[in-house]
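Supplied in structure tokens, the structure appears directly below.
Order of writing sets the labels: A, B, C, D, E and F. Residues in every chain begin at 1.
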Amino acid sequence: MSTVKKFMYVNRHAPYGSIYALEGLEVVLIGAAFDQDCCMAFIDDGVFQLVKGQDSSASGMKNFSPTYRALGDYEVTRLYVEKESLMERGLTKSDLMELTYEDEDDDWAEKPSIQIVERSELGRLMEEQDVLLNF
Amino acid sequence: MLHTVNKSPFDKNSLKTCLSHSLKDSDILLIEDGVYGAIKDSAMSGDIEKALTDRKIYVLESDIKARGIDSSRLVQGVAIVDYGGFVELAASNDRVQSWL
Amino acid sequence: MIFSIMVSEGPYTHQASDSAYQFTKAALDAGHEIFRIFFYHDGVNNGTRMTTPPQDDRNIVDRWSELAKAHDLDMVVCVAAAQRRGIVDVDEAKRHGKDGDNIAEGFRISGLGQLIEAGVKSDRLMQFGD
Amino acid sequence: MSTVKKFMYVNRHAPYGSIYALEGLEVVLIGAAFDQDCCMAFIDDGVFQLVKGQDSSASGMKNFSPTYRALGDYEVTRLYVEKESLMERGLTKSDLMELTYEDEDDDWAEKPSIQIVERSELGRLMEEQDVLLNF
Amino acid sequence: MLHTVNKSPFDKNSLKTCLSHSLKDSDILLIEDGVYGAIKDSAMSGDIEKALTDRKIYVLESDIKARGIDSSRLVQGVAIVDYGGFVELAASNDRVQSWL
Amino acid sequence: MIFSIMVSEGPYTHQASDSAYQFTKAALDAGHEIFRIFFYHDGVNNGTRMTTPPQDDRNIVDRWSELAKAHDLDMVVCVAAAQRRGIVDVDEAKRHGKDGDNIAEGFRISGLGQLIEAGVKSDRLMQFGD
């Protein structure tokens, strides 16, 4: 497969209440092996996926939040988080995990993966994609 | 009467519907994604504060922990219970309504 | 006090089955009686023995089977809901000409009347769903 | 089972998009055989279940709306439909099916099963129940 | 770009989110319970009317019929398509986003 | 034009599977090619041969199998999602020590890479879910 397409994984579900976030993340990790141009968007309750300090031990469920830290190693380096979605939910950037990647074009400098973007900007980013997958 | 809500109020109407149908002195327990409704300074927190004037609102401890919500982030007056407390609320109220 | 539990969603996809399990355990720990656990809608999918969840995750079906065994719980899968979704025991397989069954240990298939009976005979019927 | 309990079936889902309405109705019909005191509430999108003129033939799905007409024969004679839910959805009582029952205490006179009630009244009706089942 | 919405806007936020993210000249197709969003004189109809000023909104014929919604009950300007029309919309737009 | 279809919910519970089926048929009728139909999340439950829906209702699983046969469609059930939910073919049954399989005709179990490949090789990837 020589074609390079632009994939956007659109995350609109909170973690734990349903499995869409976890199984969506599994798609992103597999997709990273295909050398496509991919990014993730976190909209609506999707922003809750990135909240730091998740501890699911008492609930009996699997805490899959550490997996987001691995995204940089899979070259998934653009995580667009919607500003308005954070605000409506009483959250700020400081509530989110610090996710980074090493930029090979910049002497492997460590850079933040999360970009806070406005709703209008996200709408425009969507128009640049080839494939939009929703979880 | 005990009302439970398991949906995020930013995604679904369950909490709003619960608040508009529950009578005063009701117990309202937020579980699963429903616990997001109790975060302070959100688009829902005003509704929660208003409800707290004549109803009790609880969140399930294991569900806020799973989601990384520290107790300091909850609307003041929301109480935290564990599953034992959930069982007690169900037993001490005469009936239960699950707003799914 | 006598509780019954209704589970309306399948394992893993929604938290409903986890919440129902934790509630049931806590009610038993507090000395309450569990009259019945009724699986309806996609909840019937809790009753298949064919799952193999990832090793670092909980095994929801086995967990139910073990709890039922330890406390002699009556776990009922609704027959009509199960037919739509493909959960079958030996009798159902025979009746509908299926070449096998998939129901897990501790679950039995029966009618919706069992849900109503649970409502009548229990002090509280707790519902966990989507 | 000599106990008579008050059951309320609370319907908050639209038909067809998901199966809750249809499978909920199956519970009501079975429940009617148990000689309990039962009623149904239609709140939020649940009011869409009662809209007349449903025709699912082109969608390939089963049209189960005629079953609501059978409720009277099963002695399910109180269907509370929330006024505010209708209004928010651009509906009036005239958009709903005409559902009736024959009142055995009144010389089998045919009477309407649907009662339009206000939200506050529904909250009070809920407090009178023993068992509330949600579909 | 084609946006599809399959949820009732009275139950979930999918339509609101779609409307706030879609750019002008977008095609928006309401399917399944999403078709309820196109009923006139509802709490959502103002948002639909506003979106119609610079976007096209469609409903799937078999889904409005199943739900008993006569075409006369739709917000003026909403177009009705069948599954063949759905396929055409998906083919004629460069990309598709499903707001679930 | 080349389409692929992703089905994210099980049969009957949500309309997603119906919508995906109707769209696939309409796309075929219009002369388009279907590269693949990928079943993910609860969508894997479309691939069990154990269902017996009421006789006056559609048979969703059989309908998929028949469409696949008539048009030589590639219907893939995600292996990871299937393991969580108990959909197994002969190989999976052997691998996980299950005493039977339940996959329906025309479906095959494979990895998530098949979904990405569908995205890459199709002009449009249509998603139907909850």
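Convention: contacts are C-beta pairs under 8 Å (C-beta built on N, C-alpha and C of every residue); 3 or more make two chains touch, one makes a residue touch a chain.
All figures in this text were calculated on a predicted structure; none of them were measured in a lab.
Separation of chain D from chain F in touch steps, taking the shortest path, is 1. Listing every chain that touches chain A and chain B alike gives C, E. Shared contact partners of chain C and chain F, listed by label: A, D.
When you average the Cα atoms of each chain and compare centres, the chain farthest from chain D turns out to be A. As a whole-number value, the distance joining the C-alpha centres of chain A and chain E reads 27 Å. Centroid to centroid, with C-alpha atoms defining each point, chain B and chain E lie 33 Å apart. Centre to centre, using the average C-alpha position, chain B and chain C are separated by 26 Å. Of all residues in chain D, those that touch two or more other chains are 12, 16-19, 44, 59-61, 130-131, 134. In chain E, the residues touching two or more other chains are 6, 10-11, 13, 32-33, 62, 82, 95-96, 98, 100. Across the assembly, chain C contributes residues 12-13, 15, 22, 41, 54, 80, 84, 125, 127, 129-130 that each touch 2 or more other chains. By the definition of touch given earlier, these chain pairs are in contact: A-B, A-C, A-E, A-F, B-C, B-D, B-E, C-D, C-F, D-E, D-F, E-F. Residue ranges of chain F in contact with chain D, taken from their complex: 12-15, 18, 21-22, 54, 56-58, 130. Chain A meets chain C in the complex at residues 16-19, 59-62. Only residues 6-8, 10-11, 32-33, 36, 39-43, 45, 61-63, 65-70, 73, 82 of chain B touch chain A when the two sit together in their complex. Partner chain A is touched in their complex by these residues of chain F: 6, 40-41, 80-81, 84, 111-113, 115-117, 119-121, 125, 127, 129.
Of all residues in chain E, only 6, 31-33, 62, 82-84, 86-88, 90-91, 95-96, 98, 100 touch chain F in the complex they form.
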